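Letters A, B, C, D, E and F mark the chains in the order given here, with residues in each chain numbered from 1 onward.
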Amino acid sequence: MPTPIDALSANLLSPIVLAFALGAIATLLRSDLKIPDALYDSLSIYLLLAIGLKGGVALAKASPGEIVLPALGALALGAATPIWCFAILRRLGRFGPTDAAAIAAHYGSVSAVTFVAVQTFLERSGVPTEGFMAALVALLEVPGIVVALMLARSGGQGTNWRETVRELLTSKSIVLLVGGMVIGALSGPERFKSVEPVFVGLFQGLLVIFLLELGLVAARRFRDVRAVGPFLVAFAIVMPVLHGVIGALVGTAAGLSVGGATVLGVLAASASYIAAPAAVRIALPAANPSLYLTPVLAITFPFNLAVGIPLIHEAARIIQGV
Amino acid sequence: MPTPIDALSANLLSPIVLAFALGAIATLLRSDLKIPDALYDSLSIYLLLAIGLKGGVALAKASPGEIVLPALGALALGAATPIWCFAILRRLGRFGPTDAAAIAAHYGSVSAVTFVAVQTFLERSGVPTEGFMAALVALLEVPGIVVALMLARSGGQGTNWRETVRELLTSKSIVLLVGGMVIGALSGPERFKSVEPVFVGLFQGLLVIFLLELGLVAARRFRDVRAVGPFLVAFAIVMPVLHGVIGALVGTAAGLSVGGATVLGVLAASASYIAAPAAVRIALPAANPSLYLTPVLAITFPFNLAVGIPLIHEAARIIQGV
Amino acid sequence: MPTPIDALSANLLSPIVLAFALGAIATLLRSDLKIPDALYDSLSIYLLLAIGLKGGVALAKASPGEIVLPALGALALGAATPIWCFAILRRLGRFGPTDAAAIAAHYGSVSAVTFVAVQTFLERSGVPTEGFMAALVALLEVPGIVVALMLARSGGQGTNWRETVRELLTSKSIVLLVGGMVIGALSGPERFKSVEPVFVGLFQGLLVIFLLELGLVAARRFRDVRAVGPFLVAFAIVMPVLHGVIGALVGTAAGLSVGGATVLGVLAASASYIAAPAAVRIALPAANPSLYLTPVLAITFPFNLAVGIPLIHEAARIIQGV
Amino acid sequence: METVQRRKVTIVAESILEDRLLGELRALGASGFTVMDVRGEGSRGRRTMDLGGRNIRVEVVAGVALAEAILAHVADHYFEHFAVIAWVDDVEVVRGDKYA
Amino acid sequence: METVQRRKVTIVAESILEDRLLGELRALGASGFTVMDVRGEGSRGRRTMDLGGRNIRVEVVAGVALAEAILAHVADHYFEHFAVIAWVDDVEVVRGDKYA
Amino acid sequence: METVQRRKVTIVAESILEDRLLGELRALGASGFTVMDVRGEGSRGRRTMDLGGRNIRVEVVAGVALAEAILAHVADHYFEHFAVIAWVDDVEVVRGDKYA
């Protein structure tokens, strides 16, 4: 069993962490390296669909009973995290209700790529996870955003909730994740084999290219980090750790293995940079995008990728005493 | 040996059929899911080249004698189907000569993706096919279009035939199919091995993404189905069945196995949605594109994918008494 | 051991050479086949990163001592080849200093795809090469361009060298090659395994698609070949042969195996069509792009691909007496 | 060729607004529009999103009244909070009745 | 900077017409053109093709006579059956002799 | 809607010039610009590069003086050796103070 330090340094040398670093360095060196928009879009479609498909195949093998408690735990996390984020941002951070809600929406939702990174980490460490974790990604994505938007509007005029929720539930990431899961579950392991070379075999390699682009983009926001102020910087590191531990506790209470509890912790710790920004930009146009994009992309995402994942795994091991 | 009902339901649960359904559902739910144009174009280049390459490698192993009769059968089908389609559309459907010819061109040509779908179906069912069937796709693509265009012009002024035929013969799909076949045949099975992971290994998985896009696009035409009228709806289902049975008969007469006869039947049943629309739009600009695109994409393609393929295979089995 | 003629014809039938030919033929037939820009850009990112990663993994296994002499040899070639190219183009070709330097920059730098082609050729022929050759590609890319640009300015006003060199060293190809090497070396063979299906498994197949596009593009310049005159045509064939033999000699002197010497020879023989054109267009705007793009793309690249590689390998074998 | 004068409104907006904006153009009565993917910089700089957050550029050829209505709509609904700009100019078209 | 007045013709057309249209522009004497990929909606709505059936937008800077000829050509050959629109406006350029 | 007159400069250039050109626009004082990827043909024909060598089309809405300065800059620095063209026309915008 590797020590926490071993696990951390092993994680830092994984191809995906290094690819993110390469992208960030390329931006800092003002390289002309650019990932075509169409490639970025294609890779994100691929990754979401692959997560869904693999989850669906695994789900088909799971008994419905196993998944009820973890699902409820995930929903509770999705509903609760934006509430305390909002309160902290309002009281301690002194942000207006709109900006506070906007930031809370991001930290209440999840990042599918962070999910993939923790899966990769655990696989490499030989720690098994429950097969149905991908379903929790889909469950955790939307509620946090909806709750945060409701908080923003708590004192304001009516908003078109039906339309906002419809847009969230039919957004690209939900359609691909849930659609992929249904396809995976219906076609089953046998029929899935023919598409495995693409959706399993290529996964890690294509993730490397995706993280290269995320590094390029995140580094463009590095110079804004100062502008968002020390409170948000601290928030962007402290909250993931806090959410990670809470998530690991909730996962353990819901009966998940140490691997599953780690994944749920990391999901809670992660902040959305696809679904939440799109929803928040439309629903809360007055919020300042720099206040949510910079912490999420330039701090929380790389922090989780490099440090948060091994840390939360360590927390889960301590919690479960293994 | 599975019963026809088993085969049908097994087919409905294949990843590619489900992916098409997911795409269609996403459109109906007004999801913002979009496949980048560049990805769609890249996948269609890949699929055509892969079909060609694999066909070429197989062709290298075939004896020239084997292929003569099936090739003549394919050519005969390509020349004959548009003629009777035209007549039916004129007489029974009461379409003008231009629209009738436009529709006939599509049903006289073939769909490479439907070809791939039937190959996948037969592989999964353990039914062998002649290796050279890809050559028949190339042979069947062009003649149906040319014959239909000639019918449209039967009473009209001269058209630039040389140029039209040159454009068809140098169109993307022919260049990739035939070019791929030549490369496959020249490089042979040994040298082909190094590129197999891409052109064989990834084939089914990438097809899933391609069919997701086809589902997205086809569903946009669902609401036009009413507009094209009941005659065309019936035509778009009856003709594939008819052509499928005739194709299976011709294939059997040409000495093809039950697998080969199924493929030839499905090819005859399929309607073109790449080469034919492009050629018809330019050569018959007065034809109404809705009248050919809607039946082909929104009816015939999904019908063949889900029902036509197992049905025609059943017909081929009955014909050959196996 | 195959005879040179066998090796040549075997090479001509490799999928990548045939794909280049298919692209060229498609252009000559005025086919509407087009590779989307985004696909071309994505493939070139992939190829450069894959070369880097594989090189880095191999580098991790090499002892630093082994690589010193070959690296010095490569640097010497990069510095020397543009000088004599420039002199020949000025004296014998009677080109102005700007055009001469522009052409010399291309022949002093290297083509990563030609590197890949020779690696493929040697693998297929069962000839081993030193694992660190990819590092030499990165080393050879920049010096030739810088030296040539310095020659152009020898009599002229000051140029912004700092900026020019910074742009070259942070250009896409260097960032991906060197970045990939660092990632490969740091993550090591064990962690590399998870990304191997993409960066090794798909390499040859994706190269086929890339070469299809290169064929399409190169053939668009075929008609300009006459315009550039017989001197440049001869130059575009003679210099690669000359550089190839010199490179093989230098490689042998630096202690490389016959495979390594072949690779170094082919690198010296190759002419850049990515880094050099971009740098030259900006730094020497008065140079006529036809004079460097046409020989490089329409003559030297296909010549090396089809004939140069087996020829230079033969030379390396004669030099090393094997 | 006889031509008539029409107005052309050009809107550059965050791409996330595409569906909403095009729906509003239809509702305002535009007979058509042309959309392209662009990128840009402006006074709100990187306030637009990095990921999936590119710009679109929409052109609408329209009569004077509709052009005015579109411009007013965009100014009222988008200028404050979104990275959106718009301009109008005159164009000559062949079949003027085609454009509301 | 001394500028001269020229005309600019903009054509939005089904992308399948690209090769043909550009060939005709060359034949009519255009010294150059700029093409971009766009998408759009118009009165002929979804009559354009879905698959591979996007629009292009072609700009040609030209003298008065050539602009007129291009507009007439497009109107005569494309307006009836194809999803094509075109407009003209005035632009100022630096080297007027560059544009036929 | 009250509008004010501004100038719009459009530059079509080899895409390799993008970073340099945009930096110069910022230095000249442009408050913003919109860029799109295009392709084209002109008098210098295939002199532009084939690979990675496409064109960009940059639009800058600006005041009279800045527009003049941009046009002069482009003419002086690019017209001789690069495949670059530029034109200017008038546009009406809502918030004129936004544009230098």
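Throughout what follows, a residue touches a chain if its C-beta (ideal position, glycine included) is under 8 Å from a C-beta of that chain, and two chains touch if they have at least 3 such contacts.
Computed from a prediction, not measured in an experiment: that's the story for all the values here.
Engineer: Using the contact definition stated above, find the chains touching both subunit B and subunit D.
Structural biologist: Looking at subunit D and subunit B together, the chains touching each of them are A, E.
Engineer: I need the common contact partners of subunit D and subunit E, sorted by label.
Structural biologist: Under the touch definition, subunit D and subunit E have F as mutual neighbours.
Engineer: Looking at C-alpha means, what's the farthest chain from subunit D?
Structural biologist: C
Engineer: Shared numbers divided by all numbers used: is that above or below half for subunit D and subunit F, i.e. same or different?
Structural biologist: Since fewer than half of the residue numbers are used by both chains, the interface counts as different.
Engineer: Averaging each chain's C-alpha atoms to get its centre, pick out the one most distant from subunit A.
Structural biologist: Farthest by centroid: E.
Engineer: Between 0 and 180 degrees, and as a multiple of 5, what angle does the rotation take that fits subunit B onto subunit C by Cα atoms?
Structural biologist: 120
Engineer: I'd like to verify one number: the distance from the centre of subunit E to the centre of subunit F, where each centre is the average of its C-alpha atoms, in whole angstrom.
Structural biologist: 20
Engineer: Once you find the CA centre of subunit C and the CA centre of subunit E, what distance in Å lies between them?
Structural biologist: Computed from C-alpha means, the inter-chain centre distance equals 40 Å.
Engineer: Residues of subunit B touching 2+ other chains?
Structural biologist: Within subunit B, residues 32, 36-38, 41, 197, 201-202 contact more than one other chain.
Engineer: Show the residues in subunit E shared as contacts by 2 or more other chains, in ascending order.
Structural biologist: 36-37, 89
Engineer: Just spell out which pairs of chains touch, all of them.
Structural biologist: Listed in label order, the chain pairs in contact are A-B, A-C, A-D, B-C, B-E, C-F, D-E, D-F, E-F.
Engineer: Under the definition above, what is the set of subunit C residues touching subunit F in their complex?
Structural biologist: My answer: residues 37, 40-41, 217, 220-221, 224, 273-274, 277-278, 281-282, 285-286, 288-290, 293, 297.
Engineer: Subunit B touches which residues of subunit E in the complex?
Structural biologist: 14, 16-17, 20, 37, 46-54, 80-82
Engineer: Within their complex, state which residues of subunit D touch subunit E.
Structural biologist: My answer: residues 1, 3, 6, 8, 22, 26, 31-36, 61, 89-95, 98.
Engineer: What residues of subunit A sit close enough to touch subunit B in their complex?
Structural biologist: 36-38, 41-42, 45-46, 49, 53, 166-167, 170-172, 175-176, 179-180, 182-183, 186-188, 191-192, 194-199, 201-202
Engineer: Over in the complex, which subunit D residues touch subunit F? Could you list them?
Structural biologist: Within the complex, subunit D contacts subunit F at residues 10, 12, 36-43, 55, 57, 68, 71-72, 75, 79, 85-89.
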